[in-house]
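The next part holds the structures, each set out as structure tokens.
In the two complexes that follow, chain A is the common piece, with chain B as its partner first and chain C second.
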Partner chain A sequence: MSLETALSKPPRVINIGLDVFALELQAAGVPVIHVDWRPPAAGDPRLLALLERLEGDDEE
Partner chain B sequence: MTVRAANAEALRRLLAAEPVLTDCVSAVEAIGLEPGVVLHAGPPIGWQVMCAPVQGAIVGALRYEGWASSEADALELVARGGVRLEPCHHRGAVGPMAGIITRSMPVFVLENRAFGNRACATINEGLGRVLRFGANDETVLARLAWLRDEAGPLLGKALRRSGGIELRTLMAQALQMGDEMHQRNVAASSLFVRALLPSLVREGTGAALERLTDFLAGNDQFFLNLAMAAAKAATDSLLGIPGSTVVAAMARNGAEFGIRVAGCGARWFTAPVNTPEGFFFPGFGPTDANPDLGDSAIVETLGLGGMAMAASPGAARFVGAGGVAEALRITEEMREITLGEHPYFRIPAQGDRGAPVGIDVRRVVTTGITPLINTGIAGRKAGVGQVGAGVVRAPFGCFTAALEALAADDG
Partner chain C sequence: MALRSVVWPSFYQDSIALMRVAEALKELPRVREAAALMGTPANHELLASAGLATPESKRAGVGDLILAVEAESEGAAEAALEAAKDLFAARRHELEQAVRVLPRTLDSALAHLPNANLVAISVPGPYAKFEAARALRRGLHVFLFSDNVPLADEVELKRLAVSRRLLCMGPDCGTAYLGGVGLGFANVVPRGRVGCVAASGTGLQAVVSHVAALEEGISHGIGVGGRDLSAEVGGVMTGLALEALAADSETLVVVLISKPPAPSVLGPLEAALAEVGKPVVACCLGEPPRLGGPVRWVTTLEDAAEAAVATRRGMPWTPRAFSDPRAIGARLARVRAETDRRGAGVFGLFTGGTLAHEARLLLEPLVGPVASNLGPGGEGSGHWILDLGADEFTVGRPHPMLDPEARAARVREAGRSAAIGVVLVDLVLGRAAHPNPAGPIAAAIRDARVRAAADGRSLVVVASVVGTAGDPQGLSRQIAALEAADADVLPSNAQAARFAALVVRPDLAPSLLGESP
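Let's turn to the complex of A and B:
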């Protein structure tokens, strides 16, 4: 799809993560689907390593 | 055993539990409580850091047992080490709010007929000035004496005559009738009285029977303690499944929130408690709220209470968590941190899906979603009583601490 074609129609938006973007778009009358997503363990590398160790056990 | 296999076993035990209420006897008879021992709610805690309602309740219990003749006498007894404080959970028991149990108090006895273990809980005292909120005046002590001398023995006789009351079916029915069995127990309490009545009227007579039936009919939350004991009987069967990351207990002592995990046995993982938010009774506000307190979060451990909010829009409104839509959303959120659905505890408003059960430490840490607990809100000052009802989150720190221990054990 060319840029001209994409911009010639109303946007259809899927928002992932912070809901503030979805709320702003909704307030402006733009249809938006919000996906409540957060990085696993809030991105904490120490917790991710612990989780990986326990999750890995499931794969044995 | 892999984590997956260990968790499958934990979930199997949770869902297979068959709690049967068999008796009501003194705590010394049920669990062998020794003189000088005072059981309290939550993980272990020392006197100095206990909140005022728990200290007030302990003072009341010492006077009730005759181990102290006055408040000053009770405080002196504690100060010279004459009292041994232990969590209810360490003795196979649970108690709401302060959760105080001493040896002459009557306790309900439940058997988990699927696995043979037992659990106990005190008799719910009703609302107003009661020991579990730290009140310890003469009316409180007189009610405790009546429970010990008249109500408890009569309940015991009726239960023995009945041959035991199977609680899983009763609780499943109550959930269908709008209870979540933490902040709403009116259906479960009614069903319990109905089940007990034929035996009760054959064992009791005259004024004693009238006093007990008045007491039962006047307390919508009577069943809370039984729901807690049923959950305790179910969740205790999980302790000691190597490698399992399923939560086996959640409890609060007013300072710390503690969890136990199936793979770590009796060990507690604690973090500072949060303070509940919600609906306050007239004349009270957030500054009157005591931090989170009581063993009652054991019902959430079994998928009831806040976990099953969708079953009870009435409770959702009462605890200030919104109406039907919010109740449905909360239970959906709890499904993200649980491993299964309860085959008996079904929620009509969610297409009869089972309540979310089997809280997985890994899922809590991964998602950042912590269990939501429905709770009464105790006044900060001893003896004020319940000042409201609300919701509170289990603190994240309990789950990261448990994850670290599980990973360390995993080698």
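Let's turn to the complex of A and C:
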């Protein structure tokens, strides 16, 4: 994926959060998958920060 | 009176689902108050202040759902809690029918939609960075609707996005259009040749709706979030978005919509605008327009749309205060014939932050300082602009574009104040917004005017509607509903603000209408 494709390819969307947005996209004929989201790390901010760091480190 | 509550552990529901269920419970017989909330600290405070907290509800954690009902009897409260189960189950069923698979993670979603190119994220602010960073690391563009995201997180996310040449639209990005597809709160507009970069959701909605009314269309509308042009973020996503539109063959005219950029960002921004290589219209509300140069600077959202369309058509264009000054003159004469007993103050009640900002900017040179929650100044002037979508009004409550009741209550209150002569409102339509925002507001306008009349006063209500004929709410139906309540509906937010000024300052008519009052 790159900047050049952002506007030239039709959107295919993964929706995380408000389900109304997935339903609107679905109704408009846009390919969409809605994630059944829960707060990561059970909503524990310290655990979340740790997870974030781990994912960032993986990347490096 | 009976107060009952239950906690469903690890049962996450989004804020709109919770609002709809709470609304439905309040409609049940003998139910006085109902709440459906996740157990966040802010929500615990909200429950306590509403008198709905119980020892059980207080034990709920952030991932747990709290249902609380106050009813006339134990039986009615129990019945409401039972009904809530059915409501959530029905909602889940509807979602499953529509989208079929509901993976639990981004990676499993990618397995179902391998060519996905965009992740739309609207989770609560504290989790937004985690989810958005994950999407960017997988090479996906991000539409980040979530608000309450720390500025430092935004800086980090956009740095990551820019390093990979990916769009990170937001945080706090209400609306975007990519290839004709509307994301978030999006008006239904035709595809066309006008491309927008917007650090403002309702600003983008207003511009694309005006463009559609002028029978042109939108190629793309890239939202960047309201803080992109701050010193901290440095306009990095605006820069990338301008680059994308410059390279896009569909886009023939580019419009930039924002509040004034930070001084440190202005220079690089102007350089980037000059490098687009296509006609550019810049509307940085509050930033004095430049004369000459390759960029056409305008001062209102309506002017941005008109200038862009005129440029696209190769037509000359000059800004005007009113599209039909003669009709405005007649309107003003009718209002003045009603009675002279009217308050001197303009009271703006807005759902769109940028629309509120624009109204204040236009009112101040005409009526003097205007107090507002948008920023300091104007205290004691008798004029007020409230942005009801601001954080202080939406903690634990849905945005007024989704739930018009809080504003309706304020419109009614305005009818009781002898100091208020004009109530100024916006209405924002589009996909995902409230299905009939004019309904509750029109009812409140009637009540407020009746109340003022009972005190021998007249109250003028001036409105504008951001929307298109294709919007699910129907632009003409919404306007008709407001007009049936005797609101003066103007063709744009800018014209509505100017008309509001004329009502309290009719001596301005010669300069604004170009004729004798």
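Assorted remarks:
Keep in mind that, in the parts below, the second predicted complex is superposed on the first by the 35 of 60 C-alpha atoms of A that agree within 3 Å, B and C clash if a C-alpha of one lies under 4 Å from a C-alpha of the other, contacts with A are read in each partner's own complex, and residues count from 1 in each chain.
By definition in this document, a residue touches a chain if its C-beta (ideal position, glycine included) is under 8 Å from a C-beta of that chain, and two chains touch if they have at least 3 such contacts.
Remember, it's a predicted structure, so these values are computed and weren't measured experimentally.
Taking chain B and chain C in turn and counting the residues of chain A each one touches, the greater count comes from C. By the touch criterion stated above, A:53 is placed in contact with chain B alone, chain C being left untouched.
Contact with chain C, but none with chain B, is seen for A:43 once the two complexes are overlaid on the shared chain. Overlap of the chain B and chain C contact sets on chain A: residues 38, 40, 42, 51, 55. Here chain B touches chain A in the complex through residues 2-4, 243, 245, 362, 365-368, 400, 403-404, 406-407, 410, going by the rule given at the top. Residue ranges on chain A touching chain C, taken from their complex, read 1-28, 30-40, 42-43, 45, 48, 51-52, 55-56, 59. Those residues of chain C whose C-beta lies close enough to touch chain A in the complex are 10, 12, 14-17, 61-63, 91, 94-95, 98-99, 101-106, 109-110, 112-113, 115-124, 126-127, 129-131, 133-135, 137, 139-141, 145-146, 165-167, 178-179, 181-184, 186, 219-220, 240, 243-245, 247-248, 250, 431-432.
Those residues of chain A that touch chain B in the shared complex are 38, 40-42, 47, 50-51, 53-55, 57-58, 60.
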